[in-house]
Structures are given as structure tokens and as C-alpha cells.
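Only one structure is covered here, and it is reproduced in the block below.
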Amino acid sequence: MSSIRIKAKERKGSVDVKTLMKHNMETGLRKNKDGSKIPEHWITDVTAESGGKTVFAAAFNTSISKDPYLAFAFAGKKGDTLKISWKDNTGKTDSAETVVK
Amino acid sequence: MDRRSILKAAGTISAAAAALAAFPRAVFAAYSEKAFKNPKVEDSLNELFGGNATTPSGDVKLKAPDIAENGAVVPIEVSTSLKADKIAFMVKENPNPLAIVADIPAGTEAMVKTRVRMGKTTQVTAVVSSNGKLYTASKEVKVTIGGCGG
Amino acid sequence: MFKGLTVGLVAVAMSMGASAGASNVSSSKLIKEATAAYKQVSKDTGYQWTVSVKALKAAQAAFDKGKYTDAEAHARAAMDLIEATRLQAKIEADTWKMRVPK
Amino acid sequence: MKTIIRSTLGTLGLGLALGVSAGPVEDQAAFQKYYENKFPNTPVMDFQNGVYSILPEARQQWEAIEEFPPYEIAIENGEKLYHSKFANGKSLADCFGPEGAVRGQYPFWDKDRGMVITMERAVNECREANGEKPYGWKKGKIADVTAYMSFNSRGQEIKVDIPSDDPRALAAYEEGKEQFYTKRGQLNFACADCHMLTAGNLYRADTTSPAFGHATSWPVFRSKWQSMGTLHRRFAGCHNNIRANPYKAQGTEYSNLEYFVTYMSNGLEFNGPAARK
């Protein structure tokens, strides 16, 4: 199962997108019980593509909350596909696709 | 994914910055160490926008709570009637204030909502880049230490 | 009620200071007594304070390190807390009914 | 809801007039009335939204979180767990139906066994009856599965019953009631102190929630935990806060407390899972 949940709904030619990405977003400041630091691990980049073009992109710091949430809106219509991908600082990536409702 | 392959080819951070400079308008905001791991708001702005002169603007609407329910999850939202190409959030007294920078390509609404972490009571600022200028809206958000944390 | 608990807490503070001539034997005995009191209160009231548990553990830990004076101080503190727990339960046995809205 | 209040109030009036000692029905009416008087601006049904029913500023943030609530991940996990087959080929669906929309039936008094059965207990007993290991009680899979079941049960009315033909049920209720009103721990607080008598007051930086509506929304994703947890996990957290040793999750004490607290919220709706501070 993808780590990315997407809700995309058209409203008068504009697609409202809400997305939640499951990710620990470790700040590098937290400590394990033994006192050692938990290394930072966070999503650095997110992109949203629809119809072959990027409709939204963002870069994150470690100060974005755990399981990052993003909402934005782009010009589109019901039936369009929307693909959201992320990349984290360890190079791990994930993506998910949905059809606009 | 194009910009990713560009970044990958470029390899190092400084090369990535060079790539940014080479494609000032075409490349979307990518994570950069220089902009994000930086305690100074002015330096981050310079890195992101090539300048740090900002003007407070009533056209930038920032929604953030007066008192955060939980500093780990503070909902914030910015929208603007200006024609924006980028939007960034700064949390002034976080170790590295820049929290997020978003690209607003043509056709995308100048609006972003997300949730940020805040270490203590401080100012949250939304920065909107529009026609080469930076417009801001700020608000102080109180972060309190819980009493019944369970 | 409140007075009773305050007495309990003051007693804790005092017992932390006083204990000279603690030994392996005497501190072991105190810890045993505190543990027995703990078990008895558990049986009588059905609950405990977290701080009593902590004090007992601290007493045992100090004892294991050979710090008998500390061990006795913690064991005494535990006894006082356990006694305060008992007092709380005794007072609350009827007092709780007064809080029920009519 | 309204009918319940009206009828119970009627009974209450009668009870007082005749000098009859208070039973659960009278308790419940007086309990709900207490909160309605204390928070006259809160519509009765809104108490099921916890502290957000009395704190407009916090409510806005809560609503922002509810736009894409973190518990949706738990619901999805729970759905998978719910339908995944046990070794014997059955699944939780064989115990609780295709969607597990049974929240409104719990907690209930089991006359045969003489104990309160919570939904979490029912889930684990279903697993054990089918030769599977029970889940842990406080978080993880139990919270995910019950999140899925609660989500499918949203809107079901809370109507906990204390069967009058079994005095043990009333005794369990009374025990839960005593738990709720009895001061515990070194800080010397009863549930009722923070969540009734001073509900809505600040304790350091936190406003305490009204207990009316407390049991409606579980399991909960707490920002503080950064994970899902069950009601009994929260009970334990509260007890720790007041420096009282928590009881065992799903033991008699917490089950009876859940029985009492949920009964006090009769007439509201189950609306879990929820996001909380």
C-alpha cells in the first residue's frame, strides 16, 4: 500500500487536492531511550503531476509535522489523473495516483 | 521527475545550486541544504529567491491559530490574490525557520495548507513571491506546555 | 483530607534528611517493611501512587549499590507515601459521594 | 436524545418527590443536566466532540486536522486486518458482520459471564475463539481494527443498558461510578474533579474536557501520542498524570469505568475515530 493518500475533487474547473503522506519526519533532535540521537529522516521533495505537467511542487524541512499534510488546488477537471510523489533525504521515494472525482 | 534526474546528474549540493542558477525560472523548488539548514531567515530568502527584501501585504492571507493546540501539529494556510509563483513558510524561532517552499505553476491556485512543528511561541510568516518581489503576512502563534499530556 | 496529605508530604521531606548509621541490615529491614506495607495497602485499597513505587525502586537500587543511608531515606519516603495513600482511601471511602450531582 | 432527557428528567422529578434514592437513570439525567448548565452555549449533541465543544479556538485547529485526519491511515489498516483471514479461514467479519458496524452494541453487560464486555474485548475474544493470538489492548492493531469498526458505526446512538434483572450489572455500574468520583494519586484528583467540577478550566496550559461525551469518539489519534490509542490507554495516561498507578487495560476497574462513563453519555452518538490534542 502506498504511503500516500490523495483526495482530489473538482469544483468549477479547479481541483481541490488534499494529501497525507505517511512518514515519520524525524527531526534529528529526538533521542532513543539509551540517549543516542535518532537520525533525521524526512521528506525533502514532493511533486504533483497531472496531464504530463507539474501542477504543484514543494520542498520540506524537518519542521513539517509527522505524516505531512498538503492541500492545494489546480486547474483541472473530473476524470483527470493526478500523481503525487515524494522523495526523502535517504533517497527513498514513493508515489500514488488517483483519478479526480 | 525531470528535475530529479537533473539533480541526480548534478550530484553534489553545490552543483544542484548551480543547476538552479542555470534554470532560474524553469526548475521547480527543490530541497537545498543552503536554504533549509539555515538559522537566518534572510539567508534562506536569498537562497530561494535571490533577494530578501520583503513587503508586508494585506493581499497575503495567513491563517494560523492564536494558540497552538499542540506545537507538533500546527495547521497553517496561506492564500493570496497576487499572482504568485512561489510560496514559503517561515517559523521564526525554529532552529531552521524555513519550513516549506511550494511552487505555484500557471493554472495552480496561490494557496497552500500544511501542518508544521513549532518549538515555542513565535512568529509564523508566509512569503509570497510575485513578479520578482516578496510579499509577506505574519502572525504570532503561542505554543504552550501541556498540563495533562498523558 | 488535604491536611492529611500535606502531613504525608512533609514527613517525606523530613525523612529524606534524617538517617544516620544506616547499615546493610537496618536498610534491608526497612525496605522489607516498606514493601510489606505496600502490599498491604494494595490489598486494602486496590490502588497505589506512582511515587510510592518509584521510592521503593530507588530504595532497592541504592541498597544494591551499597548506599544504605540513601536506601533507608527512600524506604522511609515510600512508607510515608504508602501511609498517605491509605489515608486518602480512608477519607475517600465516603467523601466521593458528595461529588455526585443530584 | 431529547426524549431521553425529558423522560429521565420526569423520572428524576418523581424520584425526588417520593424520596427514592438515585439510580442510574437519575444519575444520568443529573449528570447531563450538570454539563448543560455549565456550558449553556454548547448544543447537547456537540458534547460528543470533547473539549472542542467548549473551546472555539481549539475547534478551528481540530477542524483543520479533520480535513485529512491522521486516523484515516488507521482505518485503512484496520479494514485490511478486519478482512484478513485467520488460519482457519475465518475473519473478524464472521464475528461482527461484513463491516463491523457494531459500535453501538458496546459496552454491554454479559449476564452469562457476569462482566462488562467492551468492543476491544469482543474483538480479541473473536480472535482467540478462532485460534489466533489476541492483540495488545492499548494501541497498534487493536486501535486500527476498532477505528475501522467505529468508523463504519458512526452515528449509532449510545444506549448502554444496565439490565435491571441482574444486580451484578448495577454493582459494576456503581463501581465505575465510584472510580469516577474518587480522588486518587499523589495529586489527589478524581476524574470528576478535572472533567466535571472544573471541566473547561486550565490545568497549566490544557483545558480539561467535559466527561459528558468522553466515551463517544474512541479510538483516538492523539497528537501527543502521535499514534492511535484506545480509551483504556487514555484512562491509564490520566492516572499516571495524577500519579496514581494505572489499572490494567480491560481489567474490571477500567471496564466498569467505561461502562459508567459511556452510560452517562447515553443519547449522544458514537463518532469515532477522532483526532485529539
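The chains carry the letters A, B, C and D, assigned in the order they are written, with residues numbered from 1 in each.
Assume a contact is a pair of C-beta atoms (placed from the backbone, for glycine too) under 8 Å apart; a residue touches a chain by one contact, two chains touch by 3 or more.
As the structure is a computational prediction, the values presented were derived from the model and not from experiment.
Please state whether C-D or A-D has more C-beta contact pairs across its interface.
C-D
Rounded to a whole Å, what is the gap between the Cα centroids of chain A and chain D?
33
Mind checking the centre-to-centre distance between chain B and chain D? Centres are C-alpha means, answer in whole Å.
40
Report the inter-chain centroid distance for chain A and chain C in whole angstrom, where each centroid is the mean of the CA atoms.
Chain centroid spacing, chain A to chain C, equals 52 Å.
Would you mind listing the residues of chain B that make contact with two or more other chains?
In chain B, the residues touching two or more other chains are 72-74, 77, 113, 115.
Which parts of chain A, given as residue numbers and ranges, touch two or more other chains?
66, 69, 71 - these are the residues of chain A that touch more than one other chain.
Mind pulling the residue numbers of chain C that touch at least two other chains?
In chain C, no residue touches at least two other chains, as defined above.
What are all the touching pairs of chains?
Every pair of chains in contact is listed here: A-B, A-D, B-D, C-D.
Hey, which residues of chain B end up touching chain A in the complex?
Answer in residue numbers: 1, 4, 28-32, 35-36, 72-74, 77, 91, 94-96, 98-105, 107-109, 111-118.
Taking the touch rule as given, give the residues of chain A at its contact with chain B in the complex, in rising order.
14, 27, 29, 44-45, 47, 53-66, 68-75, 85, 87, 89
Under the definition above, what is the set of chain D residues touching chain B in their complex?
Spelled out, the residues of chain D in touch with chain B are 57-58, 60-62, 64-65, 67, 194, 202-206, 208, 222-226, 234, 237-238, 240-241, 277.
Which residues of chain C touch chain D in their complex?
1-2, 5, 46-51, 53, 81, 84, 88, 92, 95-97, 99-102
For a test of understanding, state which residues of chain B touch chain D in their complex under the given definition.
For this pair, the touching residues of chain B are 65-70, 72-75, 77, 113, 115, 144-150.
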